[in-house]
């Protein structure tokens, strides 16, 4: 291993000579700067190689030819090597992005950059407490210089505040160091830790001062206003260095002094870190200014990392490996993501302090596709989505905490993470979509010809550093995942597919569609052996559905950039949910699905608010699910069934799934997400993706349903939740003018029936549930596909702007007709089977009131279904839609296939019911059975085949009579009606479509006042208010910040005394 | 009012932490093992009469290197911050108040003397109290006098930069020589240890302290120059 | 333990240093003028230096410098602790660097047209 | 013990000067008083047997720092008559935001 | 003895023939009785026959398209189908129909078949009044289904089955075993629902758009109108038979069936005449109020 002293020598020499070198030109001197930083990186890599692969142990280096205790020691171990690499990596990225300001400012800027990074590296390497101080000061003073180097007003203001806080911290540190020397007799860290004098009594206080200084430098809540101001105002590169490199160095300093800390100290670190995490994120939620928001996120993340290291020591979460994995993973995630985001914020002109009016640039438009991918990766990583390091770290952390039953900590961490996800993704959405959407401000969903197309912001060279950070995140995430033995290729398939399809994103759409289908097929083939009966059923809906929608995606020409990769990734993620064998593997697949579907929603036109609430609820549900999974040992392991240990955690799983399924109360994300995404993506979300939640609920209930606490009551409550979902989904649907909103609410209602049926919890109920799920997939697919065609042809989603399309789009009409007959449960189509099964099992179970309400709900469904078909296809056409044609083949072919399937399973119910009953029969005693073609329940019977025959026969009879009696009618145009004794002159007025159910609204509208939305809005307001209150602390007055620092230290001291 | 209460509380709380600590530390009655080790070994190992210097330059020479870096970074920061361009056109201060003739004459006389005194201090740092930092300040004082006596004159910026850069490089180079010819970076034993108490003793300690002195002097002068507003 | 014993246990250097730290800290938090803050910091630094050196204070011992009269063998028996001295040397220089930088910030901020109170630089907040 | 008493006396002097430096209305007085603190401190260092430090404190902590202060003061054209305790009227300063 | 498939089809036609004629006569006589009560002469009892024959013989004036033609087909098929899934006379092979296709639930849902198709056909007719009528009808339907469903649930709970034959079988053995006697609340709820279902007063606002003489009946003319008129007879009969089976002990022979259904129909019509017409929102609130409570009470009684 190279002696790191040479690096210091080289850095200093470079820095010292820089003013001379600068005489040769700024290019040369900057090259020297980059070379110096790169040298650190190269050496750090060589250390890592030696330590991890060549098997060399950690090594200490003396200085001046002496060793400790006389001389200062430097140590190179794994954490040091990684820290050095992080610092130089961030430094190089930031320095690259700062090329212009560095070239324009005096050479002092470049000089302080080198010394700053050298100082941070010194903090990492040194094992001497006073030397640590020296390097802290090098780093701080260089930082003060760097903050001011390009002379921004705001940065100067912030820099002064930064100095005040830094000065207080230095004083604290010096006092701590000298008393540590006094009580231990050593300045060398390892020797001081071995000396007895530091533990108990005055030594504890000495260590406290040391610790307090480091904690203050780590920017704890509330003593961090100075740092946030600096993040906000300095050059983004400097912010990146502060947030990434400096935090790494300081965290490693904290890590270093950990051996000196007692329990009370550790508790203080943990408490302070967690409080910072929570408060930082809450304050960030209110931030509109991007840079400041990233600042809040930074302090929060660093607080969490610090807390994790302390918690491991306090609770014994898993030792060194655990800390490396979790704290290291979180830190790596944070520093790469934050570096990338800070630099990205400057590249897109979100850097409000930037000179010369560039601040408005962001308002002009959306990111270019490449930029959007980079931004997406960075933001997703920051939020802790897979496959990035933060995801693995979060899982491991929560799992360990659950092992210690620290539920409050889990709640705190996840709650704050959710808030963070909210504001980070809100920003992502804003920059990806642009401030002004493509649609005019007027009518929702209409494309006005003159509306401005948003400009694509091209990042150019500014994207390089963020892209590199993103790439590093991907690589490290994959490596970490592999390390945690999530190595099943099928689990990674979604990412592979997305990457490949993104790579050929410019290719024509049909090629990508075919590739997506092939990917789904290949996945199914590879996974076939691992699919049991239940999983096969769901594979049809999930993989088959995904492939079908990929096919349908061809209905619009062009490359449709971004759609196919996301659709394919989401499809394969659904597949991997089916094949996951471990809890982590499952959760990985689940979050992958959440991520892919979020991006899919985001791709829609006016989807900003919808996508945000989709992902926030998605993550919230996922967090509940995660806690449930880790709280039940052995959950999701193959063949696990109810163990006595599983109790209330199952409720968490169920609650998480209910959120995902959009059960009433947690449904507010649903209509927006389904309505605003691309039309075929909506169909995919509604008919395929929602079944993933059903699948997991089936598995979870199968395993743990019998050991639920208060089993009967719980199930009854679950049933009522499902029932309420069904009823209110239908009620909401009838008042929508937007066709996709109607379908969205309808989906919610249909899933409600599935939940209700699952809650019945016997063979009949579960048969019903699976049958309903499969049927919903069939007819909701038909509806969404047909509607996609309609929307494409007429260019609007408002039903009252359509009409009379039956003549133009007869096939779509037929498809919708079949679908709504099936959906409403009118015999002889298979939908009736669902109704029959549902009522039979409800009555058999004795849930009579539920049955009546379900009957009411299904009657209400008629309303919106009739409105759907009537206002679109019947009535009077719009003159502007005279040239509308039938939907493209890409849509009609799948619809045709689905119609055939629908007829087949309607006429021969056993086709669908036999497999279902085989699956369900493994878990329950039989209630239903087949006698020939008749399905028999204890209460009644239903013969699908016979009823189909009778209906067809009767229908044919009537039809023949009609034909036979038809006396050469004169077929007239659609407008040819007699209306108040005249032919209508302006046909629009005669199409009864808008506010179709006005009387119903009058009678029952009070039920649909969107209380759920209001509740969650109130929750949001509450979080907002708390965040607003917290950030009132940050008055902007540097002196108040100083007061905060001192008060923080005092409070910590008193708390520690109390412990 | 609120602020006053909080400040008082903060100070009282801080006192509650700091004063007991200071009291409990008390007064040592003899040096600890580490200090005793330095006192006993420094003259023998390094030939330095001034143990503090031995520690500062050699045992903890790495600290001193860092210290120089701190000063360097501060100078660079100040220099980058306070340029004429950034301070505005009427930047330079003290213009128009010409120094008295006495000061001018005295400056001429004193400059040389002060520089020589400064050099003396850092070359004898290993023998007597004082060393590179103190000597450097003395040199800076000489330059300060020049700044005051001739407000319209500019320091030869190039010369200062050159001295600063080269002395810094020389410091690093001496450190490297220690790594090559002795046991480690900044090891002063590349030259003979000599007899304790003579000028040519303690290996390269006097040399190192000299370049530190030059470097510190140049940097402090740079800070003064920047504060005066003469930086381009 | 009578008052004298308590007094004997008090390290006078540490005591004055600690109080000076408090005074400086109070100045930093209470006085809004930019330059006054810097002054208060410098007072605090002096206090910290005193505290550091107080640890090396041993009653009745000499400076850790060998003169021709003294022989090296008895050094540890009659000299004070050199370590805090070495540290303080470093700390003093660093203190100067911080003060200089803080002052140039103040100068730069004022030259940019702001007031001399730190409260006039609170635009970044919340 | 004599040294102790001398140091304590010096300490009281330093504290008085320090408080004066913080309280003084005139920045010039304030700066000179803080230089005085350093100067007394260097005397204390000398008493404690730390001539190296005493020199450094006198030259750097007292001398050079004061010069730097004065230069900075001159640069920012702050008249020494100006009341350095003046506050900007802002609501934030009153509540301190620390609640 | 189980008849052959061909035999069953033959029986079905017989059954259909009977119910059609009975339904037509029922409508005719009810109109006649109404007129008498109101002091008019009224139409002949066989007027419905005349109407159908006349309609079927007429030339089709205009057609609006495929769905327009299919509307009456759906409607009539719905009516016939509903009847076909109900055993009309208990124990009779001839009137057993195809009730082995499914139980009570099938019948309840098949009722929608014709209504849906009719609504669609009228929709293609393009007249706004038809849409308004459908909107009102569907809105009202969701409401009256609740008491109806509750009473059906009460019956199902009471007899432990959804099989209509079994329900009828359980009521054999005298009036005291009829649902009317054992669970009168269920019958009350169901009768109120029936008024809504048939669009009788006071729930006739649904057909109000047709009363303005240019509604769907004008769009639908000639043989299409004839089919609708035929259906009205069959469908009405089917519903009456269903009610009879559920609540009035069913019928063991055709005479009992005729008497019982006639009385049911009579009571319904004349109970309804006593009330003024509700607005749609009023009727929805009405159905979800007292009748629903009655329905719930009936379920509770059944459970007890």
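Letters A, B, C, D and E mark the chains in the order given here, with residues in each chain numbered from 1 onward.
To be clear about the criterion, a residue touches a chain if its C-beta (ideal position, glycine included) is under 8 Å from a C-beta of that chain, and two chains touch if they have at least 3 such contacts.
Note that this is a predicted model, so its numbers are computed, not measured.
Undergrad: From the centre of subunit E, which other chain's Cα mean sits the farthest off?
TA: B
Undergrad: Quick check: more C-beta contact pairs in A-B or A-C?
TA: A-B
Undergrad: Can you tell me which chain is nearest the middle of the complex, judged by mean CA position?
TA: Minimum centroid-to-centroid distance belongs to A.
Undergrad: Just curious, how far off is subunit E from subunit A if you go by their C-alpha centres, in Å?
TA: Computed from C-alpha means, the inter-chain centre distance equals 53 Å.
Undergrad: What is the distance in Å between the mean C-alpha positions of subunit B and subunit C?
TA: Going by mean C-alpha positions, subunit B sits 17 Å from subunit C.
Undergrad: Using mean CA coordinates as chain centres, what's the gap between subunit D and subunit E in Å?
TA: Chain centroid spacing, subunit D to subunit E, equals 102 Å.
Undergrad: Give me the residues of subunit D that touch two or more other chains.
TA: 50-53, 56, 60, 64, 68, 72, 75, 77, 90, 92-93, 95-96, 98
Undergrad: Going by the touch rule set out above, which residues of subunit C reach two or more other chains?
TA: 15, 17, 21, 24-26, 29-30, 32, 45, 51, 55-57, 59, 63-65, 79-80, 83, 85, 87, 89-90, 92-94, 96-98, 100-101, 103-108, 111, 119, 122, 125
Undergrad: Pull out every residue in subunit B that's touching 2 or more other chains.
TA: Touching at least two other chains: 3, 6-7, 10-11, 14, 18, 25, 28, 32, 34, 38, 50, 52, 60, 63, 66-67, 70, 73-75, 77-78, 81-82, 86-87, 129, 131, 133, 220, 223, 227.
Undergrad: Which residues of subunit C touch subunit A once you look at their complex with the stated criterion?
TA: 21, 24-25, 28-30, 32, 34, 37, 41, 44-45, 48, 51-52, 55, 83-84, 87, 90-91, 94, 97-98, 101-102, 105-106, 108-109, 112, 114, 118-119, 121-126
Undergrad: Could you list, by residue number, the parts of subunit D that touch subunit C in their complex?
TA: Subunit D reaches subunit C through residues 1, 3-5, 7-8, 10-12, 14-15, 18-19, 21-22, 27, 30-31, 34, 37-38, 41, 44-45, 48-53, 56-57, 60-61, 64-65, 68-69, 72-73, 75-78, 82, 84-88, 90, 92-93.
Undergrad: Going by the contact rule set out above, which residues of subunit A touch subunit C in the complex?
TA: Residues in contact with subunit C: 130, 134, 137, 141, 144-145, 148, 151, 153-154, 156-161, 163-164, 167-168, 170-171, 174-175, 177-179, 181-182, 187, 225, 228-229, 232-233, 283, 286, 292, 1031-1032, 1034-1039, 1042-1043, 1046.
Undergrad: Which positions of subunit B touch subunit D when the two form their complex?
TA: Subunit B reaches subunit D through residues 1-3, 6, 50, 52-53, 82, 87, 93-94, 129-131, 133-134, 137-138, 140-141, 144, 220, 223-224, 227-229.
Undergrad: Provide the residue numbers of subunit B that touch subunit A in the complex, in ascending order.
TA: Contact set of subunit B toward subunit A: 3, 6-7, 9-11, 13-14, 16-18, 20-21, 24-25, 28, 32-34, 37-38, 41, 58-63, 65-70, 72-81, 83, 86, 161-162, 164-166, 168-169, 171-173, 175-176, 178-179, 182-189, 231.
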